[in-house]
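Here subunit A shows up in two complexes: once beside subunit B, once beside subunit C.
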Partner chain A sequence: MNATDIQIAICGSAGDGTIAAGDILRNAVAAAGYRVICFDVYPPEIRGFGKCISRLRITTEQSYSLKRQSDVLVSLDDSHAIPHAGEVRDNGAVIFESQSIAQCGEGEHMSGHVLPGQIPYGFPMRELAQKATGGARSRNLVVLGYIAGLLGLAPTSFQRIIEKKFAKQGPAVVSRNQAGFQAGFDAGAGTFKLDDVAFGPFEKPASAGKVIMLSGNAAVVQGCLDAELDTFFGYPITPATTIMERLASELPKRGRRLLQTECEISAIAATIGAGFAGSRTATATSGPGLALMAEMLGLATMTETPCVVFVSQRGGPSTGMPTKTEQSDLNAALYGSPGDAQRIVIAPTNVEGCYRCAGKAFEMAERYQTPVIVLLDLYLSNRYETVTLSESGSPFVLDANKPLRRLEPGEAYQRYALTPDGISPRAVPGDANCMHVVTGLEHNELGRPNDSAEMHTAMSRKRHDKLLGALEHPDFTVTKRFGDTGKVKVGILAWGSTFGECLEAMFMAQAEGIRCAAMKVVMLSPFPEKAISAFMDDCDAVLVPEVNYEGQFAQLVQGVLARPVVRLSRVPSSPMPVELILGEIRRLSGVNA
Partner chain B sequence: MSIPAMPVFVDVKLREVQESGRLEYRSRSLPTWCPGCGYFSIVEGVTHACNEMGISRDQSVVVSGIGCASRFPFFVNLYGFHTLHGRVLPVATGIKTANDRLTVIGIGGDGDGFAIGGGHISHAAKRNVDITYLLFDNGIYGLTKGQTSPLSAVGLRTTTTPFENPERPLNPLMMLLSYGASWVGQAYAGHPDHLREMITQAVAHRGFSYLHILSPCVTFDKTSKTYVNLGLQVRNLPENHDPSNLMAAMHQAQDMDHPALGLYYQQFRPTLGDTFEQVSAKAGGHGT
Partner chain C sequence: MNASASLATAPRRYVIIGNGVAGNQAAELLRERDPECQVTIITNSRLLFYNRYLLPQLFKGHQSWHAFLANPPEYYVNKRIKVLRDCRVVGVDTRNKQVKLAHNEPVSYDALLVATGGRGHLPEELVECRHLFHHFGTYEAALAMRKALPEKGTVVMLGGDMIGLDLARTLLSIECRVVLVTHESTFWPHQLAPGERADALAALEKMGIELIDGDARGGVTSVEAGAPGLPGRRVIFRQGGDVYGDVVMPFYGLTPLVEFMVGSGTDIERGLLVNTGLRTSDPHVYAAGDVCQIWSEQDHAYRFYYGYKNVRAMGAVAAINMTGGHEHFATTQEETLGRDGQGHIDSPFWAYE
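The block that comes next holds the complex of A and B.
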């Protein structure tokens, strides 16, 4: 059984159409039924000569991360692609321009950097583009055609996607790009193939729902829409902006509302206002915006107002690295607020998880009357995966509010009534005769300011205890264990996007005969103490890989459980390399490779 | 201040208030303000306005920030949100966006509105959010015991300006007029009859209405915005003032030494709610 597992990297300069080519390629192979995971790397500038790389891994079954080595590297700009020549495996393909337009200095041409074992394919992309389309702009499409021709992919799905993608720019642009693609395809199909990159025999797997390709942020939006989001307030910030942009076109079609506010403080304030008024509401931001929202999140905790905040992390501190991924806002998400910042924090580990967490966040916000932070990162927001969505309606509960009891005559409504589960039935403006005031001041059951020791203790306990229910929230994966069962040499404990790399490393270690397991932790607050503790009981050593310098999750685990873990904290400005995790697993298991 | 022609008897006045139905809008909490504070007459004005307009208590929300003024929601029997310092308008915008049917009244002091919250006013005015913003201007930070505010007069001695305030105050009416607020007025807590009439008009306006209320702080300001000083300084807008004339309104707003009371400017244009409906229609969606 030859399962397909091909990784293609397209590398160029900003303006070369690198990301656009990657976009067409992933859509075409996904339409053909393959599973895809892709991640683009690009500079913060719109123009200029920054490096863009679009990497996609095409598989029969859904994979969890990109591979360390690509099977195919395409160079649209040799100066950027040359440093990446080494990432192509033996017998893999390196595709580049064979006829440079300018004088090429020594060492500046890709052909001089193809390593022994790699198969070079130089072809005149510019010339082909010019012949077919009368200009060099369709070079990226020519290359795309070449890949399809070389690897034997059917051109029809590509042509359809090119038509769709460029339809807005008019039929001339569509036909120009299609002609470019066809020219490349013919060249690729006519090339004598020496590499061993091949698509395996394909059988369409019987899936439970419809399979579509989404980025993490698009999956968040889909989750919001399926959970019937009413209102959204936001302020643009990389890498969260695309959530607001997509919602801006989707919400009005449904008669729902989106407002671009003047700042992040205003965004969260309006979100809390809307939540108070009974609306399903959310905002989205990144680390710097989360910092501005900190005070307001405390107000939501204190007033027990449901609201959802999507936070897509990027490199920090401060403005940091806006277009580079990092997992360093965990502490800010968990604790960033004055006082005891009781709240729910969940972090999906893949694109399908983005969809689930987004929808479930609204259920939790309503059920536990609390702010819910959904912690994403640039790697998760911007990567594309094929995901399976349910075809039988929304998988989410559309009203998770605790039912409001009818008041006895003369009875005053108690917004913060102390109940066994800590959750008080919530009235919203418009509900008859339940007038009350919510306040950021500590208050009594009626909501009136009260700063007695007894009341502050009782209310602090209420705000803490009510969240514990979330650890058993119905139909939600709080933690999940993978790999070997029972006692293992090495256990990997991971959160967020890095979990994909951990899983990949675990599979590789298992193949080497190392007994190991991995646990993904989706809910970070309240902390799933029991499940993590039980997992650690089974592990000789616990490894915590995460993309931040201080080891924020490792500190959380060690702090709560008072048990040691082995940290693997790195800030590579990119996802955690799989071989780094694998190396640690080998080291901890006593295997020297 | 006009002197009543007939003496006012307490029992008559009390019966009048009880029979008016206005007390329905008062909560059981007694205001925590200092005796003599101008804010009492604002509570009276708001309950009068609600009663006059027949506003349903469970269909209205009072949103406030932080400061003496912002304790307001506890003293009325309406839905209330006592938010954070300076964030009255964004929270009120969120509430109104979520539910158009609600009457939303924002309340804050001069520090809350023009210091920490100053960035939000222009955007609420520009969007023409259909809310009323009552700004209680006593020219000082009262709840933190007397520090200078962006509306404090030059020369005011406070705990943070022991050598007298060197900065000139902002001109809030000029700001609101240039921001595009669709209803801008000014009232004085020492003229309660006029004040409640202005509050009623402000709440009735469809769009963003801003009412600037001059109100003495009897505890921390003994020299500047006192009843005596303000009583001598305030004047009415000229009888021929045309509230649709923005330039005339700005001309009147320039005179900060003799603040004019009344409706400066009123304009009718689509509210934020209307624009949401327009966007939805363009997107081919169905309205809410």
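The block that comes next holds the complex of A and C.
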């Protein structure tokens, strides 16, 4: 069987329906059984400006990142798509409007930018939309039909998705969009195909669970729901907003609460308050919001209050680049509170990981009585993947929130008792015989203010040591090694969304005969020192690719382990290119491409 | 640098409409003669320049279009020749020196070469049946025809110009049946005396081609889709009778592709009229290949020159003159229809490099 591995990029202007086209396409191919990774890039402006790109990689086998080169590029707006023409591989297809109605400046049409090795497909998408639907708004549907017809994809799954997507707008809208799709499909099927982009024969594999298409943020929401999140407090910010949007519709259906607060400070304060009251609770934000939450997070650490903060990183500092991905909030997540305010920081590496980390974050927050930051980024939040979820109920521990033990009448309750593992008996307001003081001041075991050196030292140690248990948290992948076993030339150490690109690069390097391995580091705090150190022992060179300028993770590794690593720190406003990582692997292994 | 100095040093912009032998020969020479210039080829084809003379080889085992390319894609990158593919020219504004494309984009030129060649001519009475014909002028058309033709199937050729007869030789070699409905365009562009024509027709029969005297039947009046159980097409003659084939192909010679030049102000008869330097009546517009009629001092008339050698030479002459040269086109193409050792016809128009 020839494995399918096709990447399609749809590029247009805000308002062209670019993202909507990508959404229908990814859902249609996923429904047909293919694995999909999709990442949308859109401008900060709402409409009428800026570039939108929806890139989808469609495979029969699991893939881990987008490819550098697309197989098909569709232009819904040449002014935006022309700079991307070079991203299409040789013998790939470039699809564009052949009969613009507006005057086109010289050199401003896609046909002049199709490279000699690529195959141009100009077709009258506007005219077809006009004829089929009476308007040009369905151009994106016409284009989808053209892609399906040209590549020989069955129209049925598209038709089903279109019907579902537009059902709320009434049968006339559904019918118009179906007509647009069909017109494009007929045009595509009737086009002489010269490119070599082909879907291989494919049998839908028997799945071990439910295969669904989710974005990273949608997976976070699903994880929250499956972990039985009680309350959510948030203030909108790109790219975290969709977490709150989805929860806003889902939580009330389950009799649970969501409150949009007036700012991020209120959001974290309310979250901590809910956590104190025994609610399974969370908030979501991005870098600027995390900065505002820094002080209150220190309170959660000091009061040992469970709460979960989802942080989706974007380009910074300050307002920065709200619609561009980056991994530059690691330091803020690790250290961004005054005092020794250590907390658990975990970073999923793919969409399925978003689901698992979301659910596990609540277990950890409650078991270790601490804030947990789940560090996402725009690439992960907005990326769609087909994921396989268990059909046998929630995989998360749902009772971690229960008080650790019940006191007998007359027994003195010590909320901050110094225990061997640092975890004290937790009580929530209303628990019998468990009255105690809670304060942001340093305190003794009863919670009463105490600033003696001995108590501060003991409590600091307690707050630090109790987190170490998270390194062995049940059923949670703290780190995982891939690739060659034993000694390798190059080891790649990566975190967050960049790990997918690292894994692709590692596979490509292995195919070139380079012995290499990759380790994903999901838990960033507490730092999994032993596992990373053991991995580094096996590597002649350790490469740390990450999408930030200062090499924040590399600094963390070097700071803790005092061992050299090779930094690959870039801020390309987009995911780290696989070829860049591969080039570094080659260089470090002494192999020239 | 002031504006006038900038204009003085701006590279010249050469635009070529047409992606065939003449156009590509011209592009190569333009690059050689003016290394700094901009060369742009405009074509409605999706493919880069490929050798149409080799298309009959599709019947000698399937070949991808890559095998027919005259040059690899890197050639265009290295030579800095820009090719606008899948673009239809709708007009030429000679006053503003701009080519107008169907997608509403102008392409400016300092010198323009029209090398669009010709399309297969179809007699007026058959135009309404054109969707029932198969063609062989492009890779796409040739492949579609090959797919439509069953093994040892029957091809009915109408007319039978030398392009069609070249294909007929290949079809016979793979044991297809070829039925030729003769017409005055049979053997086009060779012009045969009556006696020569009879000999040539006899040679065709000797090759294995079945002949139907089209004139004697009053010509073809229409083509129909074949009924179920019968071959795909039925050719009906004006004076009665019919012939069936799996595919029907018209080979009535070529008509120059000049429609987009109408209204440009350049002189057009059947093709674009050019002097022996291949310049049209517009000093910035040249023409080469099957699209142009060249002035012949000898005949005191404009005439077409066909064949690979002629077309290639025209591309070269045009390029030289567009870059300031003073070359004149003179044909070296042999035009006599000959015979090979087996007594089969052999045309110099079938020869190519």
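Here, the second predicted complex is superposed on the first by the 585 of 593 C-alpha atoms of A that agree within 3 Å, B and C clash if a C-alpha of one lies under 4 Å from a C-alpha of the other, contacts with A are read in each partner's own complex, and residues count from 1 in each chain.
Keep this in mind: a contact is a pair of C-beta atoms (placed from the backbone, for glycine too) under 8 Å apart; a residue touches a chain by one contact, two chains touch by 3 or more.
A quick note: this is a predicted structure, and the numbers were derived from the prediction, not measured.
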Q) If you stack the two complexes on chain A, which partner ends up touching A:Tyr64: first (subunit B), second (subunit C), both, or neither? A) neither
(Q) For A:Leu194, using the defined touch cut-off, is the partner it touches subunit B, subunit C, both, or neither? Pick first, second, both or neither. (A) second
**Q.** When both partners are placed on the shared chain, which of subunit B and subunit C touches more of subunit A
**A.** B
Q.
Per the contact definition in the header, classify A:Tyr121: touching subunit B only (first), subunit C only (second), both, or neither.
A. second
(Q) Looking at A:His109 after the superposition, I want to know if it touches subunit B, subunit C, both of them or none. Which is it: first, second, both, neither? (A) second
Q: Once the structures are superposed on A, label A:Phe553 by its partner contacts, choosing first (subunit B), second (subunit C), both or neither.
A: neither
Q: Pick one for A:Ala270: touches subunit B only (first), subunit C only (second), both, or neither.
A: first
Q) Which partner does A:Phe166 contact after superposing on A: first (subunit B), second (subunit C), both, neither? A) neither
Q: Report for A:Gln99: first if it touches subunit B alone, second if subunit C alone, otherwise both or neither.
A: second
Q: Return first, second, both or neither, reflecting whether A:Asp90 touches subunit B, subunit C, both chains, or no partner chain.
A: second
Q: Name, in rising order, each residue of subunit C that touches subunit A in their complex.
A: 46-48, 65, 73-77, 82-88, 101-108, 140, 143-144
Q) Mind pulling up the subunit B residues that touch subunit A in the complex? A) 29, 57-63, 66, 73-74, 77-84, 87, 90-95, 97-99, 101-102, 119-120, 122-123, 272, 276, 279-280, 282-288
Q: Mind listing the subunit A positions that touch subunit B in their complex?
A: 230-231, 233, 249, 252-257, 259, 261-263, 265-267, 269-279, 281, 295-296, 299, 303, 429-441, 448-449
**Q.** Touching residues (chain side subunit A, partner subunit C) in the complex
**A.** 90, 97-109, 111-112, 114-117, 119-122, 192, 194
